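Below is one structure; the comments refer to it alone.
As written, the chains take the letters A, B, C and D, and residue 1 is the first residue of each chain.
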Amino acid sequence: MSSLGNQKDSSASPANPAADVILRATGLAVAYGAVEAVRNLDLEVAAGEIVVLLGANGAGKSSMLNAIVGLSPRVGGSITFEGHDITRKSTEMIVRSGISLVPEGRRLFSNMTVRENLRLGGAALRPAEFEREFERLHDLFPILRKRADSQAGLLSGGEQQQVAIARALVGRPRLLLLDEPSLGLAPIIVNRVFEIIEELRRRKVTILLVEQNAERALKIADRGYVMSNGVVEAAGRAADLQASAIENAYLGTAGA
Amino acid sequence: MNIRMKRIALMTAAAALMLWPLGAAAELKPGTVYKIGWASDKSNYLSFVDEPLAKGMEIAIEEINAKGGIAGKVKIELDRRDMKSDPMLGATVVQELIAAGANFIVTTCDTDVSLPGAQMAAKASLPVISSCGADAAGPSQVPGGFGFLNVPGTLTQGAMLAEYAAKKGYKKAFTLKSKSEGYTHTLGVAFEERFRELGGEIVGEAYYTLGDSSYRVTATKMASSDADVIMTNTFPPDTTAFLKDLERLGNTKPIIMVDGNDTPVIFDAGGQLDISAMTTYGGNRTPGSAFETFEKEYRAKFGADPESLQTALGYDLVVSVAAAVEAAGSTEGAAVRDALDNVENVAGATGLISYKNSPIGRGIPKKDYAVVTFDRANRKFVVVEVGFPQKFPPVK
Amino acid sequence: MAMSQKWWLRALIGSAQILVLVSLLVAAVSLLGSSTDQRILTVFLINLIAAIGLQIYTGTSGIISFGHVGFMALGAYGSALFTADPAIKAMGIPNAPDFILTSAMGFLPAMLIGVGVAAMVAAVIGRVFVRLGGSAAAVATLGFMVMVFTVLSNAEEWTRGAKAFSGIPAYTTMGWCMGAFAVILVIARLLRESDTGLGLRSSRDDAIAAQASGVDVVNSRYVMWVASAACSAVAGALYAHYIGAILPKAFHFELTFLVVTMVIVGGQSITGAIVGTLLITILAEALRRLENGFSLGSFSLSEAPGLTTAVLALLIVFTLTMRPQGLVGRWELDDLTARWLAKRRPAANGTALPFEKDRERNPAA
Amino acid sequence: MELMLQQFINAVSLGSIYALVALGVAIVFSILRLANFAHGELMTVAGYTLYATLLAGVHWFLAALAAIAASVIAALLLERLAYRRLRSANPLTLLITSFAVSVALQSLFLLFFGARPKGIELPAFVDAGFRIGQLRVQWLDVFIIVITGLIVLSLHLFLKKTVIGLALRSAADDFRTTRLMGIKANAVVVGAFMLSGALAGIAALFYFATVPNVVPSSGFEPMLKGFIACVIGGLGSLPAAVVGGFLLAFLEVGSDAILSNSLSPYLDAIVFGIAIILLRWRPGGLFGVRMTEDLRV
């Protein structure tokens, strides 16, 4: 449909035009005081897709994710989720409407147990429902069974990342936002994280992923956006982006 | 007339001569107003005594003004302003009152907090009285002899309490004092001094901080001591908390208390009151007494029983000042000061008041104390003894 | 012009600007005000010195102290004991040591003794306090204030205990107050603009980063702590020699909260302390006069005790709700005037203004 | 021996009240970093409610419930009217605001009820007790200690087992991430103030059972004690608040019980002195480690 260099054209549309677009950001702008983090950004995610946001540090990727859930100060544009305008909604209402964010650095409640962390992730669920969801997650995250009553802060980084993802999933979100899930993890653990993401894909979970590890991210993603200095520099099918990205210095120098 | 008395009489005469021209110049003119300026606490912790005092003063002022004023000529006006128990603001307010034409200054119910304001009044040659502050050293710290107290002070009351205790046959006392204030300390010390003098022994001393809620450690110590009487220098709400703690420990030792507790709130303390007594003012409370008349007037005006003894002290203050102004025949500061110094047997609500030749010290009135017990069923005080201590510690 | 300005020059210019404004205020009240107004002005200046004293520590370290009124008390008693009339001391504190009983010093040497005592106490206990931040500091300093109060209330041989210590000569005049104010203002600004002060201020937001860039936070705080205690003691000495009779209760919770509120409402700068003191003095006085003046007719405001205090407290809440950083935030008067000048004459060469340059490191939270 | 046991009971009973006050202070602090000076006034509200209802002849049990309800309502009003706008302000501003709120409330109490103490007519059982040998035990103490134990236990279970409880804990740890769980920020803050108000109300019942009078400034002393207890234990941690409360009570009772006459007037100074030394040794309090720099400007 499009190739690298065609900015913000129809390539921003989902891979499968028939699929429903569930998240749509239009002309989004985010600013911290005088510092603009994201400018005039258009982005779409369709049901069942994995979309990856790429870019160097400070490109505005995390600000973008945070803006979707209302944690970053949005100064312009709009966001709709499943047809509803969520631009002015509070974080908790956005989360309750079906979007879940796994924040950068995992941010588990370190003084609480794994089980308690997950219970909060499913805060809206009734106890019985929660138990069912908790059980359901066990095959994907065996760690939950083993360490359910361990203090979250005492787990290893990889284990914490799994718990963080599980915590985001337990409330059965229709869109999962993953912020740098492989950051600071050993390579072997990173493999495990990507395995989990692939498994989620098989289970038809819609994911918007922010990732530094472009090569691996593009392998599992359907589509990708490349951000630099707060704007989208390129967008398109993951395969196209991948081919160009490897030979092009875009990703390495995007933040320069 | 002995030589000393003669000398005093001569000196008084001389003073009167010296003041003559001034007095003549400011002779009481009909239709004029005598303004009492009061730097009072309306909104801080001393307001709990100044508020009832104000009501008592109001009654006395109405009574006097209804008869045409002092000597039938000069009406009294009260200008009461808030000093929030702050000594610095107290001095400011006194200055303001002087500027507003006050003839006489009243300060709040604490001689120590009052002192800066009192000194300010003295500098302007106005007599000044603490509404119910009780430190006998107070007047001597105000220059020019302008300082007065409205009550006989902690030394005499402490001695009165000690004499009562000795009369009851108590030998060993345990005292509770606080160094948070002068009143809560000097009275207890005077009691101890006089009690020892009478052959008693102080077997224990405890201290509290004003506003403490728990007296259990102290109460436990007291209950388990070999004291045969407990003397406390507290006032409510501290007293009620203290007595409750004693009650719950099953204390049976008699408790003697001080005038700060002369308020119906004390009856919340419960059972321990049955074995307690208290010194206070207002000796004679029998039917037909000045005290009873005052209470009647109070009820007529405010539709309720006086909320504390301070109401009567407020009445006393005004009648003493009015008597002095009448005797001076002048509203001039120094003249009123000298006249107040010579006031003798003025009928106040709490009995006869005399500043003349005060045995305690210049500026400090002599009036009888009462020892009262508690009629819990009717929430009334019962006078068991009236009098004044034989001896008391000197002013320090 | 601003770029090359030396830190000490900036401090002096800033002090001079404030001094001019306060002098104008003093002149106006002295010429036009009643005797009561002048009295209130003197009390205002004493509170001002106390507030600046506290701000020297709080404004630079970002740590609150509820203990500085304790230093005021030490300054007050220290100075009063050496100046009071020996005849009165012989009556009031006959058991005090001879060097106190016989002493009848002038104001300045006695004040310096009071200041010295406070500074010494601050130096001894300072090492403990400067390591505390946050609530721990709040409670510990409050504890220090209670300890001073308790000791003064109990040291009957020296202080007459809880009773008023009187006979203190009325040395405090408007001239003394203005002189002391000027000196302390300059000291405060110099400390604030010095490397120590600047480094410490940068540590308020990020202590670790500041330490990494070479700021010795603990020692810098210690310097400010002792200096601020000494300045508070000056306020105490002026207080004692103005009021003529002091008692421990005068230096307790109420004065503590008054001074702390003045500082917090004003902001984090020396100018802030002044603005806060001015605002609270004016509000309290206006309400007080309203209460006293409103006694005509059937309704009298003075029959509603506590109402004016409640109104004052609510105004403080309102002010802080509107401006959580305090009225002037972290700015000094000279920053504000420089900014104002810059707005009027758009900078031709685009050089950074001093406050922008220096305070970039220390942005408001 | 009996004397020591008696003082021990005194300390446990006193410690229970301190612990309840400290818990109330700590719950709000842990979530908002607000050292709420006006916590004492919540107790005073409960005190005046007790006074008014008992005076009106209401049964003591209903009066107690009314008192607790009143302080919960007062806590919620404070949150809504005074603190909500300041939620992101720095802790020192919050502290001074809460102090000003405390002064304002005291002035309003003075305006409505006057400065004189108002007597609270306690039911007779409050004074009843029994003896074990020489030891005199009051039912009130038993009651205070048992109820405090139950409250601490049920609070523990509440924080451990319910989603709201978990949310309160997680908000104390990381407010932002708590919101990412779909938990309403307002609900958490309001919940914290409700709990704090309820604890203040219950603490007030016990407090006014020992001091049967209420004055406008009644709440100041217990608030200060609760605050000290929190800081000694470690601000921000609820178990630490409980331990701090008991520690402070034992410190006070212990020093008061053993001090000689010449030293006992210095009790306040000694208790504070020990607290300061403790803080010097562990600036975050005995059990708190992460909250040392909370109250910076």
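Worth a mention:
Here is the rule we use: a residue touches a chain if its C-beta (ideal position, glycine included) is under 8 Å from a C-beta of that chain, and two chains touch if they have at least 3 such contacts.
What you see is a predicted model, and the numbers here were worked out from it, not measured in a lab.
At the centre of the protein atoms shown, by the Cα-centroid criterion, sits D. The leading chain pair by number of C-beta pairs in contact is C-D. Averaging C-alpha coordinates per chain and comparing to chain D, the farthest chain turns out to be A. Averaged Cα coordinates give chain C a centre that lies 32 Å from the centre of chain D. Between the CA-based centres of chain B and chain C the separation comes to 37 Å, rounded to the whole angstrom.
The geometric centre of chain A is 78 Å away from that of chain B, both derived from CA atoms. Looking at chain C, residues 150, 153-154, 305-306, 309 sit in touch with two or more other chains.
Within chain A, no positions touching two or more other chains are listed.
Looking at chain D, one finds that residues 107, 110, 115, 265, 268 touch two or more other chains.
Taken together, the chains touch in the following pairs: A-D, B-C, B-D, C-D. Interface residues of chain D facing chain B in the complex, by the touch rule stated above, are 2-3, 6-7, 10, 13-14, 107, 110, 114-121, 127, 129, 131, 136, 138, 140, 207, 210-215, 217-218, 220-222, 252-253, 256-257, 261, 264-265, 267-268.
Looking at the complex, you find that chain C touches chain D at residues 58-59, 62-64, 128, 131-140, 142-144, 146-147, 150-151, 153-154, 204, 207, 257, 260-261, 264-265, 268, 304-307, 309-310, 312-314, 316-317, 320-321, 324-326, 365. Contact residues of chain B toward chain D in the complex are 43, 45, 47-48, 51-52, 179, 204-207, 209, 211-214, 216-218, 220-221, 224, 236-237, 240-241, 244-245, 247-250, 263-265, 267-271, 307-308. By the touch criterion given at the top, residues 42-43, 47, 51, 80-82, 84, 86-88, 91-92, 95-96, 99, 111-113, 115-116, 119, 135, 137, 140-141, 179-182, 185-186, 396 of chain B touch chain C in their complex.
Residues of chain D that touch chain A in their complex: 160, 163, 166-167, 169-170, 173-174, 176-185.
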